[in-house]
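Everything below concerns the one structure shown next.
Chain lettering (A, B and C) follows the sequence in which the chains are written, and residue indices restart at 1 in each chain.
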């Protein structure tokens, strides 16, 4: 199943936990794993704190500090830092499903990571049943 | 199944390979995938060398160098570097299972990454059978 | 199933998308997830742009800038930066399978990441069917 994400900033973390839960509900998987795959090379996915919005703000600030725009970069589109951030965050997440619900820690939210927006983006969700429990 | 981890330092890598293997054994999965999900936002998981203990020490040293405690951070708990390290390492791992055993490389161990300890932590393990082989 | 990779440089990203697709085809899985596990601690895996070869070149340049060879490193083999890069990129990838084909974004390729080559390396591929669709 596909989730569509519309980003409004160049660098942005968008909480997609609710969208992912809806695809889990539709999948009818009770116990297993939910995979989210981001179909882009200048975006990513991460799981981090959903309470204080300053956490995701600080993560973006830190990534800007970590990934310098080096004078030696050659990629003609000029967005190499976005590609590096994508590889650092990764473009897939796997989350346990228990009784039809995403099994996340108390403070965990699933975030789509935009590093070259604003753009229209998509994520693919696949749910797999854990058969050995049945 | 749940693994409980007790950390004793602020930043620490704890080898949990044996604990994960025990849950695989209990799951009765012969061939498939073992998923480990860390239920926290200031901790993570990584697979790295299990032989020379200086490797995990050097990884922690390097992460301290990479993730600076920026003056611009705003998260009121003051542990933004721990959240960033969590996203850099990731909070899930997927390891192949073959004949009921974790299929790891010779030098690979599974490490719980504590970035804001000491604390009591937990990881959830889910094992999925690879049905196409049966 | 195993993929063998022969690297020719110390730091190198090798496109293994075609090799992974071949194992998916052999697995007979129609819809599900393909897991790739790198069996080494100084190598990794990432998904990034397959069009302009300067992107993977810039990623390697950026990783060299991010992961400094610190004077405080103690690992006797002297390749701690390779271990850190391995943990930053991660050593497993999960990619959706649809109708027997890897479901990747238009610009996405799967790259084996060599950080301590040249060497002979291996990756393990496991395909799991998404049963709820059947």
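Just so we're on the same page, a contact is a pair of C-beta atoms (placed from the backbone, for glycine too) under 8 Å apart; a residue touches a chain by one contact, two chains touch by 3 or more.
What you see is a predicted model; the values in this text were computed from it and never measured.
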Rounded to the nearest 5 degrees, what is the angle of the rotation that puts chain A onto chain C, matching CA atoms?
120
Examine where the copies chain A and chain B touch and state whether the two sides share over half of their residue numbers (same) or under half (different).
different
What is the distance, in whole Å, between the centres of chain A and chain B, each centre taken as the mean of its C-alpha atoms?
19
Touching two or more other chains - residues of chain B
66, 88, 90, 94, 128, 131
Write out the stretch or stretches of chain C touching chain A in their complex.
31-33, 46-49, 52, 54-55, 57-59, 61-63, 65-66, 88-90, 93-96, 103-108, 128, 130-132
Parts of chain C lying in touch with chain B, wherever the complex brings them together
27-29, 35, 37-41, 66-68, 70, 72-77, 80-81, 83-84, 86-88, 90-92, 94, 124, 126-129, 131
